[in-house]
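Two complexes are shown next, each including chain A; its partner changes from chain B in the first to chain C in the second.
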Partner chain A sequence: MTYFDPVHETMPREELDVLRLERLQSTLNRAYLNVAHYRRAFDDVGILPEDIMSIDDLQSLPLTTREDIEANYPYDMFAVPLREVVRMHRPSAKSSKPVVTGYTRNDLINWARLVARYMVASGVTKDDVVQIAFRYGLLSGGLGMHAAAELIGASVIPTGVGNTAEQIMIMQDYLTTVLACTPRYALVLMDTVKQMHVNPRALRLKTGIMGGEPLSLELRKEIESGLGIEVFDNYGSSLVMGPGIAGECQVHEGLHVYEDYFIAEVIDPKSLKRLDPGEKGELVITTLTREAYPLIRYRTGDITSIMEDSCPCGRTHMRLSGFYGRVDNSFKVKGIMVNPSRIEQILSEQGVDTRFQVRVYMEGARELSEVLLEVKEGLFFDEMRAQETFIERIERAMYAGLGVRMKVKIVPGAVISGRGVVVDERP
Partner chain B sequence: MLVVSNLHCYYGRIHALKGISLHVKSGEIVVLIGGNGAGKSTALKAISGIVQAASGTVTFNNNDITHISPDKIVMAGISHVPEGRRIFPRLTVEDNLLLGAFTRRDSSEIKKDMGKMKELFPVLANRSKQYAGTLSGGEQQMLAIARGLMSRPSLLLLDEPTMGLAPVIAQDIYRQVIYLNKEQGLAILIVEQNARIALGLAERGYIIETGRIMLEGNCRELKQSNEIKRAYLGKDYREVWE
Partner chain C sequence: MTYFDPVHETMPREELDVLRLERLQSTLNRAYLNVAHYRRAFDDVGILPEDIMSIDDLQSLPLTTREDIEANYPYDMFAVPLREVVRMHRPSAKSSKPVVTGYTRNDLINWARLVARYMVASGVTKDDVVQIAFRYGLLSGGLGMHAAAELIGASVIPTGVGNTAEQIMIMQDYLTTVLACTPRYALVLMDTVKQMHVNPRALRLKTGIMGGEPLSLELRKEIESGLGIEVFDNYGSSLVMGPGIAGECQVHEGLHVYEDYFIAEVIDPKSLKRLDPGEKGELVITTLTREAYPLIRYRTGDITSIMEDSCPCGRTHMRLSGFYGRVDNSFKVKGIMVNPSRIEQILSEQGVDTRFQVRVYMEGARELSEVLLEVKEGLFFDEMRAQETFIERIERAMYAGLGVRMKVKIVPGAVISGRGVVVDERP
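Our next item is the complex of A and B:
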């Protein structure tokens, strides 16, 4: 068994809990002192940081929601002055309001170390050639993976997403051994490999480090057999940090939450009560070392469950069983998170108040999505031209508001009845 | 080895420690950094039983020592070298050392340890019959540490050991501290105002501010932190980003 940080990854539970409590308390102290939102939130329930005397006491603190974050945009959730911040990322917008997260130098160092834990657990070494086909830029996936792969000493190829044919050429020529991307992009790559008549067995690929969206067992099997690789899943949240919050080990039974850096709880999204291990609910995260952007009981919106039993890999950190979509029906298309309530908002801004349904599907290896609007009075056009103009206008508004292109169609009500707001037909 | 959890202490009417938690593992050097009145010294005094804890616990090797008398804590293996030396000026160097062994009854071993102290701090050997009050500041500090070691502790608490000393002498003292840790496996909890020195010395540290721990981490990381600069500069370093 190899670990990037054996001392902390296999730390006896008792010691780990001492460390976690200390870090939690200092995080609460800093948040209370430096972030007006947390001070107000604590004061509202009449709790001082020192009232939290155990990890369990954390439950008495209020949850932090996406709305709280949006209301404090841009910098009011930061716990350090801006000159201490050395990086910023913007998670994809879930409403019309944007959010931003920041990192101090230490935050970046810790982030790279955490992703490195996951990569080393996936068998990545300095002898590997790692092709990073995650989005670079405002989203945290690309740079987060990049820093860790460099820290391990692997040879890193920062291809980013897209230019798929070129990616495959690079994969062949540069002898890529590790592919880092979202599962869906792996499907696109597989498809292109086929079209280019490249034999996947002739590639040097052996490992896929994946994340950014739920990885079902079928999807994993398909990628593993299609590219001849072993896939390791990891969980990230752009606002909390990026990739590397939890990652699989070689046992492939759940993702270890790096508990010396995060406290993970699973709650019932309706009653907001904490759920027992094994019960599926919304993941809530508290950061333990973040300096620039501490988050206390942040509702991630991701659905998972906790596994408390020990793992044969020797890591003492608890696991999450996997991810099963979003509490709010959000979904990802081409790596970009789309929230149905945001679509509703865009439609209403355009004066459309009809029922709608989003359909996401594959055409070959291409992910496509469309918004189906129920036809009704006011959405009925005698003239073809008028309808086309209307549809173009809505499509433009969708692209501007969501960052991803969606086709718009007007359909009879029966077409969209009884299938929910989001219909995901992807494998 | 040492685990402090949720410790509250009052210094007169002042709420000096507001629920601090920290730990020191065997063989580790840990530093507690903070400005004047942050609660650093109170924390050490609470661990060694000189100040009573209002609530919270101190455990040492899994034994609860929160409300145990200071001499029993010394016997358990914790030795406290207080701020400002506090040697007995009217006693000789040797007698000061002997006082450090007040909890022990094994006179032949005590004699051996006296010899060891003189090896460790050669200046003390030359001055063993001299009144401690005639020693220089640096020598007095060495004597205070040596006296602390005479109880054969496994954890040494050092309160500002280089305060008021010339940098060269401070370096000398810290060289001995590192030696004790590396060669003899002594765990050390140091309280320091001088963040730069302290962070160079220890592996891990805590930043304490007005009775609360604001940051925990390894020293390489702490060096870069804003809180450190604040504590180091000893004033309110907060600024806003207009």
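Our next item is the complex of A and C:
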């Protein structure tokens, strides 16, 4: 077993808990002193940072929601002056209100070191040629993975997403050994490999560094056998940091949460009570080192469960069992997070009040999605031309509001099984 | 005047020349010892690295062409083992054969420091919010600018190119002060600002960090008045390094070549003889510090002239007067370099042997381009359907071969003024 940071990754539980509590207290103080939102939230429940004497006391503090963050857009959740912020990112989820996160220089250093833990656990060394096929830019995937691979000293090819045929050529010519991308983009690459009559076994690829969306057992197997690689899963959340919050080890049984940097809780999204290990619920994260953007009990919306038993890999950090979708029924298509309630809102802005259903499906290697609207008298028209114009207008509004193209179709009510239901037909 | 690296930027000429010669000799040795191509090329003219006793002696060494680099694809121009390469990039120019460049950790550090010189000369400080609207990924623009802005400690927003309306919203909300992009993308942003009824004077923007394509006086004025900013131009070349080879100072009279890192010569592209200051010709660059990818007398294909007179800014580095297009008639559209000879090659691969002309133009804020093919008996058809199929096939081949969509039209011979002529109708 190799570690990037053996001292912290295999730290005895007692020492780790002392370190965590120290870091938690300093995070709570920083947040209370510098972020008006947290001061108000703590005052509302009558708790001062100094009242939190154990990790367990954290439960008495309020949760932080996406709405809290939206209400403080753009910079009111920042705990340092803007001049100390050296980077900004935002999540892909386009909701009604935008959000932004910030990083100090130390935050970026920590981020690279955390993603590097995950890459080293996957066997990546300075001898590897790592192709980063995550999206670069405002989304945190590309730059997050990139910095870690460079820190390890691998040869990094920043291909980003797209130009798939060229990416295959690069894999062949540059002798790529490690592919970093979302599981779904791995499927697209597999499909293109097939179309180009390239033998995947003739490539030097040995490892897949995945993340960005839930990875089912079936999907993992398909990618592993299709590309002849070993796949490692990783958990990220843009506002919390980006990729590198938790990552698989070579045991492949769950994702270790880097507990010296984050506190993970799983709660019942309805009762908001903390759940026991093994019970599935919503992941709640508290950051322990973020300077620019501390988050206290942030509701990620991601569904998982905690595994507390020790792992043969030697890491003392607890694991998450895997990811099982979103509390709010959101889904990702072409890397963009789409929330059905946002679709409802866009429809309503366009004067459409009707039941709708979303369908996400594959056409060859292409991910497509469509919104099925229930036909309604007075709202839709017999006249073909007017209907076309109507559909075009809604499709434009969807694209502007979601950042991804969705087809719009008008269907009989019987086809629709509920308001805002998402039918995901992807493998 | 502020400098990022005052010692080297204002180094007295004599000291600078000593430093340059030392670095040149070490570069020549490294290239001769580690790159078979250079060993052969030097041996062919019977010159050993130790024979080069002055900067001027450099003229006796052979030029390095794009063809030399293509012949050594992918890794044979690298002067270090792959395990020491931490990054790879490739230029946008899709020619018949692909090329790739590599960077060691030191190369990346030097690169960030050089782009930072240019940004600091433009007045960027850690208090700025810098929006990087250059393309991230395999092209060197985005990551090159990004690393420098972070090194300075500015708040960096890695937007990349595209999602223009969102970029405007980010400018407003995040209080962007510095915009980094190509001149043509600045025009697209200006256009969208207008469409969105945003008052550019109400933005916090003060500086435009441009590069990636020639910036004419008219274009500069249009951007400066349209966005209410001061524009600084910068010269880059992907294989040489990326952005940051030469940059403007606040005097705005030419671009200082960072002479402690590069030797710039201007030659007549036909006779290959060195030209005098003031004479326009092809820029030839020799790298003085690149470890992974030293280039000796590399023909950039870019047309400029040298200004040797001293600059009031205090920098002792000579300047280039500006850029006036490409020796080979290449042009950029949507950030992609297109070479007319490549178009000719694609047509020939598709069995088309006819005169053609390229037209590049704007439709609103969109850059478009089209290839006009001379109608020819036996080659083109009266039957509408067959012609459509033919055009679709050629358009697909163009997109696959060039990386940018070009419309294809069949026109009477009289419309075409020569074989491979490029008509650029952009402002």
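Here, the second predicted complex is superposed on the first by the 422 of 427 C-alpha atoms of A that agree within 3 Å, B and C clash if a C-alpha of one lies under 4 Å from a C-alpha of the other, contacts with A are read in each partner's own complex, and residues count from 1 in each chain.
Assume a residue touches a chain if its C-beta (ideal position, glycine included) is under 8 Å from a C-beta of that chain, and two chains touch if they have at least 3 such contacts.
Here the structure is a predicted model, which means the values were calculated and not measured.
In the superposition on chain A, A:Glu291 makes contact with chain B only, while chain C stays out of contact range.
Of the two partner chains placed around the shared chain by superposition, chain B is the only one that A:Val80 touches, whereas chain C remains out of contact.
Of the two partners chain B and chain C, it is C that touches the larger number of chain A residues. Contacts of A:Arg105 after superposition: both chain B and chain C are touched. Looking at the shared chain after the overlay, A:Met53 reaches chain B, while chain C stays out of its contact range. In the overlay built on the shared chain, the residue A:Val18 is in contact with chain B alone; chain C does not reach it.
Within the superposed three-chain model, A:Gly325 lies out of touch with both chain B and chain C [touch as defined at top]. In the superposition on chain A, A:Leu33 makes contact with chain B only, not with chain C. With the contact threshold set out at the top, residues 75, 82-83, 105 of chain A are in contact with chain B in one structure and with chain C in the other. Partner chain B is touched in their complex by these residues of chain A: 15, 18-19, 21-23, 25-26, 29-30, 33-34, 49-51, 53, 75, 80-84, 104-106, 109-110, 289, 291. Taken in their complex, chain B has these residues touching chain A: 3, 5-6, 8, 18-23, 25, 206-207, 209, 212-217, 221, 224-227, 238-241.
Put simply, chain C touches chain A in their complex at residues 73-75, 82-83, 85-89, 98, 100, 102, 105, 108, 126-127, 129, 136-138, 142-143, 146, 150, 153-160, 163, 165-166, 169, 173-175, 400, 403.
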